[in-house]
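Down below are the structures I want you to see.
Both of the next two complexes hold chain A, though its partner changes from chain B to chain C.
After this line comes the complex of A and B, so read on.
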């Protein structure tokens, strides 16, 4: 029984782990949370992310300053007299120095007031409330769909590298990957809307008007976003899986246990390949949000992308600033999420390397 | 304590299996018969002959060491026995494990053999465990692959196995991940996985090469001990002659995919006949040799396995080669219990040069 001896300290540690978050002592729980590498990681990242967002907002502000076009002139109208424009400028506070305006914008933003649109005069927060859900729904569905399509394809292809399924998936994904998403969008419209008449070519139906009409209006934009991404993920994951299967010693160990090929693929190779895929997906979320700008335009979806484009066209500073800031924040938080996911998935990060 | 009772049944099982191990010195028939095994790889029109007609037998309770340089085909030959070669490998000949022909098995039948009848311990314990799975998960997977046990029963068996490989505090280890263990501990886990279904044949493919010398000795002692208790056959692959001398019953020296010398360990090391084996032995630095002396190395390079010359493959590097060596010597028992493939075997006093004068 000499093998079963544990030091009291080690035993205590095991017991705490077994009790989990349901542990009765709040003190122990707090100590455990503070000791959790995942939470420490989130804390460390947030300390970088929050100042970063301030920098991003300042950059966006500078960018808007540098844009040609005078918002006061636009608000006042093209045929307004110089005095009228000057009056509007003062009323909008544009005569104040830049840093003052930035600070007051920042102060407003922190208290939930993002200013109002120069063109429509409506509050930016109200506009966001209308537009953000459309983009979120579209990007979210495209994100999920791209994963749902790519995982089975990559696993099926990696089962027999060089086999029929593999070659079929590789050729198809290469072809579809070579098509930019706006061309994909137009092709989809041509086939499903114009040719077959199955789906609406453009326009958005809110969820409030029924789930099915809403979904119908979403199918084509979501597909044109998701398909190129899915092809990218499938090719990447297939390559990583094949490399794991060929080169990794733990795959040999798993095979020599008598483990079946699918179980090896899913349980052994995929777990290790998922880290590479995760990085790629995280980086791609930024691109996904950017991609919605074009796709929303093509399908006339009233989302963030169209809002931003309209804003840029009419030098609507408050709108553009908010939109760009939200896009940037989405990218930053996507990467934060990826870091946290690493920690959750990879025991080497989760438990530290001692 | 329940685990105490379990331990008793475990040791009961060990006692029961110790019997055949004791009687295995000669009486038991071979568990593995390899006959004229050939492995070729075809790539871009080049055919690489990795294993060229290898034959040997292993009996239960016995350890065969297969020795050779990198590229001598030693690893490929045992991976063929596990069905772990890539699809580009073409395997011919015969390898019968307890009556089952392994060459040409289909995927499904392989799965019943692997892990159940043959198990393997790999070279690098740092990479042969899945970094994303806990020790327990990997061990329980192996246990449940061949035995219809419930998860809790399998977990108990996992703890028993970790005790068998003498891993300290086994209950705690189940929840740990490979990176939390040292190299020696990881190799113990790999051995536990290999032993999970009580295999008849254990292959240790350079199982201690990646470990430091102290750990190496501990792991080898463990393997020997477990072999004696469980009575299985062991094939150990190594490039380390001294390791083979310490732990193997028989030694088979491979060169260019062929066996060039094969004998009982004591017999082989007291009476080396093949110049290649001699060269390998001379390459081991001795404490008795003066310091700063250029170590004797085996000159030249291993042959190109895609363009093997006619005759003896060791010819270009051999100090005692003659015209006769252009005809391939075959492995034969020139002396009782001692087979070698050479026209000009090293003489008993260990010199090669005496043979050269016989040159026609």
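After this line comes the complex of A and C, so read on.
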């Protein structure tokens, strides 16, 4: 949500600077840790994040209750008699009241037992072990690539606002931003797999079968995720940089010292703009996670997204529950990380002074 | 906002050229608004009036014997799909579904989310933090993941797609509405209204709402683009608008299966999506810049 991003950024900036000096001189390691503004911030955010995750898990559980399809019926088989289904229901504990089942699921989840798939009967933790690395690799590569693409583009565009490079970057990014990632994926397949035959259209090759085959199978999915994100970041960063260049007093100071334009961009303007970008990136992790679901589907990648979609279609409650929770937790922790990064990067917070 | 920093404040600008440059950029911005606005208007007219005015066949119930006709075939300017349905007709009817979903979801988002955000900011204190924490829970979910699960729970249909998509539109709008209301509440005219003893509903309806509506409608333009894309993604996954009713998303999915033989069938709905999203984005961004005077 591009419009939604600027306000939390401003909010966070003020929130971070609120963590003023503790007042007393800390002594010893423990006191210093307790007095560390960064750690205090982490602690305070965790106080919000942990209850949030519990509420999220409860909401996911409620949603699963509403999912169509009867897990006991699925486990017992479609031609099972009513008594057999009832027996399976009891055996799975589905006849117990909702809050009891939630608590036992929670207890299991905290001790590393996430239940098992009603469809395949395999443990959810085993499934995660197979699927999570694929998604992590894809999302991680897309994330890095989007930053690597967007930074130079934004800096080059902001070097001369309204110039040829700027206009080119802005027009291209505006157009590419309008291509949804699943359309981007199909267009890439059309050109590089169907047309040129350079890359595989679908499928995933594990890293164990060689780095190059693995990379080849990753190129198109990663590109379809990274390109729209890169356009989004580049446009935001360019806008923020130009604003800094036009309005900030420290830029005028740097200019009057005779600092070169690139140096000003990189060392002065970008350092300040990076905070806004950081917030945007954190908020966008949710979109990235959502994107992996549909991209994995198109490229038949055996990742978390495919696992969740298969689960949703076949009412595999235990699997969907875990996947949805992990996706939500990933987004929550990404934002926590952004808050902490703020504190670490912002000297006012790092040194505990305004 | 626009009053404090007008775009043409050339006297403060460092370079002598800035005056004409600013005028040029504000002219270009207006031009962008006009062009993208016209495209949006054209899309709306084509999708809603087209089926009644244009001589196009029905989007469903085509004859399989007519399947896979190439573009330019008599009676089928863009050809036919695998089921023998006219592609142009499906594009137009699909656009109708997409735009309907987009408009209704945004209206729901603005009405509910906008109200919740404004009230939350106005009440402040504990009520505000409870409401915002509740929204945080919804915002914690990656939007597509939440929408997928909701869509499956509700079952695939047009009204259910709208409901599922509203689940991520409402909290997003609420946040923006809250931030905008907070800004308005720090303004002197609001304190004046409070001091003069206006009741809370009067302050909200006469002072707060008129001042946050421009920002919210601008966001709704960008929101249109997001909703149209998400609806496309949902229908592409088979969880949105169910076939045979056309939607750009389910058209792309159908075409994907015979992509190497008939790539054009993927391209048409993709281009339709691109043009729609692009014009809403351009419209939203340039109106926002116009309003904030950047």
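Going forward, the second predicted complex is superposed on the first by the 324 of 354 C-alpha atoms of A that agree within 3 Å, B and C clash if a C-alpha of one lies under 4 Å from a C-alpha of the other, contacts with A are read in each partner's own complex, and residues count from 1 in each chain.
The rule is simple: a residue touches a chain if its C-beta (ideal position, glycine included) is under 8 Å from a C-beta of that chain, and two chains touch if they have at least 3 such contacts.
It should be emphasised that the depicted structure is a prediction, and the values quoted were computed from it without experimental measurement.
Using the contact criterion defined above for the overlaid structures, shared-chain residue A:95 touches neither chain B nor chain C, since it reaches no partner. In the superposed model, A:253 makes contact with chain B only, not with chain C. Touch criterion met: A:180 reaches chain C, while chain B stays clear of it.
With both structures placed on the common chain, the touch criterion links A:209 to neither chain B nor chain C. A simple residue count on chain A separates chain B from chain C, and the partner touching more is C. Contacts of A:70 after superposition: neither chain B nor chain C is touched. In the superposition on chain A, A:130 makes contact with neither chain B nor chain C. Common to the chain B-facing and chain C-facing surfaces of chain A are residues 1, 3-4. Residues of chain C touching chain A in their complex: 21, 25, 133, 136-137, 140-146, 148-150, 152-153, 155, 172, 175-176, 179, 218-219, 222-223, 225-226, 229, 232-233, 236-237, 239, 252, 256, 259-260, 263, 266, 270, 273-275, 277-278, 281-282, 284, 288, 294.
Note for the complex: chain B touches chain A at residues 3-4, 7, 82-84, 86, 107, 110-116, 118-120, 122-124, 127-134, 138, 141-142, 145-146, 162-163, 166-172, 175, 177, 179-180, 190, 193-194, 196. The part of chain A that touches chain C in the complex is made up of residues 1-4, 7-8, 11, 52, 55-56, 59, 63, 66-68, 162, 174-175, 177-180, 182-183, 186-187, 189-190, 194, 243, 285-287, 289-291, 293-294, 297-298, 308-309, 312-313, 320, 324, 327-328, 330-332.
Against chain B, the residues of chain A that register as touching in their complex are 1, 3-6, 10, 14, 17, 246, 248-250, 252-261, 267-268, 271-272, 345-348, 351, 353-354.
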